[in-house]
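Sharing a structure, written as structure tokens. Questions coming.
Letters A, B and C name the chains as they come in the text, with residue numbers starting at 1 for each one.
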């Protein structure tokens, strides 16, 4: 691998990592608060991308507006899922996980009749390439980095500087104590769902102009997000950020060197090793 | 003769040393109490003794044999049995079934027996199970589902199950916490009776009246270290102990 | 646990299905029901693991190992079917030991994630080891099953084979669940701390439940390979693993027949739509509705209907339903 290729892979890796971070943040937030793994996250990613397809590409709405619309729509959807699926399901975590699996299966399968069988593409919003550190990088991929960065900063500010964010942190630490303090756990959980879904939608929306769209496109990002939140520690937001970046870089570089699927294989083997020997991840605390 | 002896027992969690170089002995036939303010390391000690946690340093010797690092089921198999703080029971089964499980699980049947014998318990085991329930005063509730039993009865059932496992040393984790005067009196009577039948007892408890009234010897922990040790009157008048509890208050109901 | 919840009824149903299908239906129905029975084996063999409290979403990986092993041995080395099937099951069990031994220490979500990752690892290995498995082109030309040298050429013959396998496996699982081993598994699932404190070696028993499941999953995989005679790695992925889990949840976790009922019900429900996305749509809707309205699974349906009926007549007050 030439140095130029390495640099290129690295930059693409940061871009990819930004997407992974957005996916992982939502997942880790939801885990931290409700101790569930949102198996539906991949489907939401897919829906976020399809919203861009229909609203931006077919509908002619400016990309930025479509992007925001995607986040809002799927955020609302997330809140509704919390109300209609998460809240009523009793019997602990397992039935909830199975219910979310059911939701994801449904969304992915329904995608085929609804969206049609043919592959869909969204043209680049920022066409062309530019020169960074002496290598060519598509501007589209580059633009992902600041957008994702802005969202991450936004999330950080929300969690740490607002009252609702404080409520979320409280629930994460001790649900009952938070409730006793007057936090409406149901509403805040709903909000966590909404934020998680919105972030997943954002990842999908950002990736829409880059990869082809199909109803199963969310499965891989979901699995990657799993890897990241384990790497970073379930429930840890800094872990999700660092883990996402690491995986993005590793994926990009290893994939360029060995091919996408072997890279995938290696990352899964790595994650199994990690789970077996350091389940709390690189940055997590024992939960 | 010391039935249980720990030397230098230490457990560290990340930055926190929960149990710090604790030397503890329990002689055969004693009832020893382990007390201390919240966070003193009592539960961690129990987890270490029963094998649910591995010591970071130090050793545990039970009846002359080193059990440091053994797994919980192995330790239980040697006669060191514990109860749990919360009502950890087989909730969806009856009281009798719970005790039978305690009997059976310790019965050490070989794999062939385990695979091919019927699940229904043989008559002699059922009789033994009923005996244990009788002994602990739960006989009227034998066929009630555990989760329908009142809290106090559930705690006693936990003790009954531990008894069914034929312990030589019984570790009781807060046996009377949350009980009223009447209930706790009955349970402590039961504890004394258990001891008179030949089982040594080590208990953790916050209820000072229960502890002072039942234990012959008390060990006081604070911040993971042994602070004091002695008879109830020695301990309750020790200035160090009083100071440790200062602000939280010593005498509970 | 107290009521023998329609076990004779379910068994009678199974017997009826088994005997009547080739007579009543054509090759199509035989094919469908053969797959239904395969699913029954998969679902029932996951149950011991679930009883021990392990959320296992990796069952399809072991099916895959069994399938490919048997297929390759029979196709490339002309190994007789009985032997290749056994080898498939044994290798699946061995793989289960390798991953299970360290992984079963983990609890809850962590264990589930290992199984999810593991399914992907097996899938990717099958995909990438092209020289062995033909990767994404798929492995074809797998011989039909045979017994004592006689090839089972007809669909009906193969169908009776899987029925026979299913009944044998169910018998073994039934016996185990109702033995002391089953009781130990149940106690581990209910309160593993307590079980440990009473002398149960939970690691060994969880591993046993897990490996047993792997053995039968490998068996099902081997049959599948020789029945469908074409293997394609993504088939045995995350989706199938979750399906198997879902058969257990939708059927009901509380009773032995739960996974059987779930597998039959969901397989048949999605059958008219097999191949089209509507199959999965109906499947997932069934899953959701069951979780939301029948959390105990389909096996609680008779009880729920009885409760509804007694509310309507409003005679004696009904006891509060078990959670």
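Here is the rule we use: contacts are C-beta pairs under 8 Å (C-beta built on N, C-alpha and C of every residue); 3 or more make two chains touch, one makes a residue touch a chain.
Predicted model only: the values in this text are computed from it and were never measured.
**Q** What chain pair shows the greatest number of contacts?
**A** A-C
**Q** Grab the C-alpha centre of each chain and report whichever is closest to the global C-alpha centre.
**A** Of all chains shown, the one whose C-alpha centroid lies nearest the global centroid is C.
**Q** Hey, which chain ends up farthest from chain B, C-alpha centres compared?
**A** Farthest from chain B by mean C-alpha position: A.
**Q** Return the distance between the CA-based centres of chain A and chain C, expressed in whole Å.
**A** Each chain's C-alpha centroid was found; their separation is 31 Å.
**Q** Which whole number of Å gives the spacing of the CA centres of chain B and chain C?
**A** 41
**Q** CA centre of chain A versus CA centre of chain B: separation in Å?
**A** Chain centroid spacing, chain A to chain B, equals 47 Å.
**Q** Scan chain A for residues touching two or more other chains and write them down.
**A** None at all.
**Q** Could you tell me which residues belong to chain B and also touch two or more other chains?
**A** Expected reply: no residues.
**Q** What does chain C use to touch chain B in their complex?
**A** Answer in residue numbers: 1, 175-176, 178-184, 187, 190-191, 193-203.
**Q** Can you name the residues of chain C that touch chain A in the complex?
**A** Contacts found on chain C: 55, 99, 102-103, 106, 108-110, 112-114, 116-118, 120-121, 124-125, 127-128, 238-239, 242, 245-246, 249, 277-281, 283-285, 287-288, 291-292, 295, 323.
**Q** Using the touch definition up top, name the residues of chain B that touch chain C in the complex.
**A** 50, 52, 71-74, 76-77, 81-84, 88-93, 101-102, 104-106, 108-109, 113-119, 161-162, 164-165
**Q** Please name which positions on chain A make contact with chain C in the complex.
**A** Counting only chain A, the residues touching chain C are 31, 35, 37, 85, 88-91, 93-95, 97-99, 101-106, 108-113, 219, 223, 226-227, 230, 234, 261-262, 264-265, 268-269, 271-272, 275-276, 279.
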